[in-house]
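The letters A, B, C, D, E, F, G, H, I, J, K and L name the chains in turn, as written, and every chain counts its residues from 1.
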């Protein structure tokens, strides 16, 4: 089993006033502060808040996958 | 029951020649012309038309949620 | 944004004693009495009632999409 | 086609501080203020807000089905 | 990015001998012992164990969302 | 294979005028009249009938799992 | 609990060389030979076999719901 | 591995002005012009276009399965 | 209708300490004790119990399809 | 059947270092090199790779629909 | 756009008398005869045929992803 | 509430060059290094990498459920 890896996926919601891509980036950046080895993300849900008939911010729920180092999950 | 609200969700499809975010904004702007209290949206489906091998416009189906004022749904 | 359209989708259930297609048609015909610009439908669910071991009527839930004219959603 | 009916389904979210059933009832009561012939509901989503580690209120998204009278959808 | 938040969602299963609402509350209460800023929950699955033809306890799987403070996910 | 079990799941719909939990219990109680070894249930769908703008009864569709004794499925 | 009913749903696949409706009818007719009180069906899946580039028969998987009389599930 | 087969499934959308079954047949007939060994289909989505409050044509998306002969996928 | 068949699908959960395939086989073998004409299965869910950080047994939920002989469903 | 069309849908994954829209465009552009009559796309899945806590590239899986000319699927 | 790739996913069903893994391998091997650059697979559906109360063969539907070289999709 | 438990579910992806079961075991073994009381798993997704037309390794995404001891989630 020496060459196999185990990954963990956590579900995060990022937000942004400007774009879906920026909301994704914000969630990943926050995750990367405490988790090493983040390798991929998957969009689960895209939504947002509306104020005065305009999108106030996008909220994007993503799953973030990272490789578990021994003893770290 | 004085402090509880009821929301209605309607399903709209907006389009844009430029971006997914713009298609969302167009649908919400149209909805806000006749509905007050729009509070959030959820993306249901993202698709688009193709002309000459290029995206002609994005079509984004969203659900838009708004608070019902008494007697308005 | 002059050339973009916004569509609304409403969910209806039509019924018919004869066929799935007729149940769809009945729902669309009823919708078209009060809504202009109906452009497409999508079948969501097909079911029906049974009486004496025979289908008494088909019930087909569809989403109907129509173009919103300014101020009409 | 004299004996067939057409139903419309609208999506509502009710809330309650006490129970899921009460959130459902609140949404239906609000709907019944303006729509006649409400006949059934289907729970789409159950969620809620949390304050200080306790459920502050339940939010239940339902679809409500009502029979369309001629010219009323 | 000063005004945007990132949320994490964790999946928990609570149980109760009395009601679905109580199973939800038990899961949230346990979560709140170690996580601050719990803001919402979403019901994912409702099930339960049966003993002697009666519900012995309800098991409700929920996702719990909480705001991440810097460095805490 | 002496220590393995096989379970069967059947789909039932129970109803109640009072609560979702009671509708579940009614379906399980009916099932337990003829099936032994009922061990768990899973909620598949929650809906109900509405009369005069109020919930007349809840209808909860559940899957009920029971252990098959030899020759009994 | 005297006025509540319990229903059972069974999953059947009917086939027909002529139409989807006929495949549904065939499954219901077979079911009605041994089960009383069949009240409704729901289409789960529509498929079919192809021979020589033509539909040889339609296969429609339905769930059939029937009211359980005491002691009959 | 001499007695095992491999199948490929392709997704097609057929249309018809008359019925769902005819839309399925049209898609299969077109597929059979270039693919041998078509064996089954599965309906993925049923929808259609509406003109003047009537169904102008049904559109049925199907997956078509055919046996791959060596070197033909 | 002489050449059409009707099939019934039942949902079973088999278990095995060794493999997913063995769990499937155990469920089918149990089913075949009382049902003739079993023709196919579909995997619905794969799960299992864990003891001491190891898989104690796999649990595979399958739907089993069998042809109904007249009067046997 | 002279006025009906048949469409084929193929599933592609495009990538881009800049945006979701660009990943979609890249997939469609590649498809259009060998397929004529591309008419629409549907987003199936949005994901991406992360390097050093930043999105390295977006990966968008789309279905692309194109009209089949006789003998071309 | 020089460093971005486009992938195509095709849906195949492989079969095997021995195991789920072998059915997957058979489908991929067949695909690799005519397609270069196969990089991954995803299991879509696991099912099988039953003869005499035993699994006669497993059928596994997979999506296979391969990198498109210019002009090859 | 003394006899009720709360469980947490985490999502992991294990890999193996040999089998689906081995990929599951690898993920659970890694999880059990840091989490006590692992009780069950559920398969969410089965996929894998392909090299030279052969499965290089299986990747199985599972949810792992474990009982939360006070203060440990």
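Following the convention adopted for this analysis, a residue touches a chain if its C-beta (ideal position, glycine included) is under 8 Å from a C-beta of that chain, and two chains touch if they have at least 3 such contacts.
Because the structure is a prediction, the values reported are computed rather than measured.
S.K.: Which listed pair, G-H, B-C or K-L, reproduces E-L with over half its contact pairs identical?
M.R.: Looking at which residue pairs coincide with E-L, the repeat is B-C.
S.K.: Same or different: at the chain G/chain H interface, is the fraction of residue numbers used by both copies above or below half?
M.R.: Both copies, chain G as well as chain H, present different residues to each other, with under half of the numbers appearing on both sides.
S.K.: What rotation angle superposes the Cα atoms of chain E onto chain L, in degrees to the nearest 5?
M.R.: An angle of 120 degrees brings one copy onto the other.
S.K.: Find the geometric centre of each of chain A and chain D from their Cα atoms only, then give the gap between the two centres in Å, rounded to an integer.
M.R.: 33
S.K.: Round to the nearest whole Å and give the separation of the Cα centres of chain H and chain J.
M.R.: Centres of chain H and chain J (C-alpha means) sit 20 Å apart.
S.K.: Counting in whole Å, what is the centre-to-centre distance of chain C and chain K, each centre being its mean C-alpha position?
M.R.: It comes to 38 Å between the two C-alpha centres.
S.K.: Please output the residue numbers of chain H that touch at least 2 other chains, ranges allowed.
M.R.: 10-11, 20, 31, 33
S.K.: Touching pairs of chains, all of them, please.
M.R.: A-B, A-E, A-J, A-L, B-C, B-D, B-J, C-D, C-G, C-H, D-E, D-F, E-F, E-L, F-G, F-I, G-H, G-I, H-J, H-K, I-K, I-L, J-K, K-L
S.K.: With touch defined as at the start, can you tell me which chain F residues reach chain I in the complex?
M.R.: Result: residues 1, 3-11, 63, 65, 68, 70-73 of chain F touch chain I.
S.K.: Considering the complex alone, what residue numbers of chain A touch chain J?
M.R.: It is residues 20-21, 24-25, 28-29, 31-33, 38-43, 64 of chain A that touch chain J.
S.K.: Which chain J residues qualify as touching chain K in the complex?
M.R.: 10-17, 23, 26-27, 30-31, 33-35, 57, 61
S.K.: With touch defined as at the start, can you tell me which chain C residues reach chain G in the complex?
M.R.: My answer: residues 19-20, 45-50, 52-55, 58.
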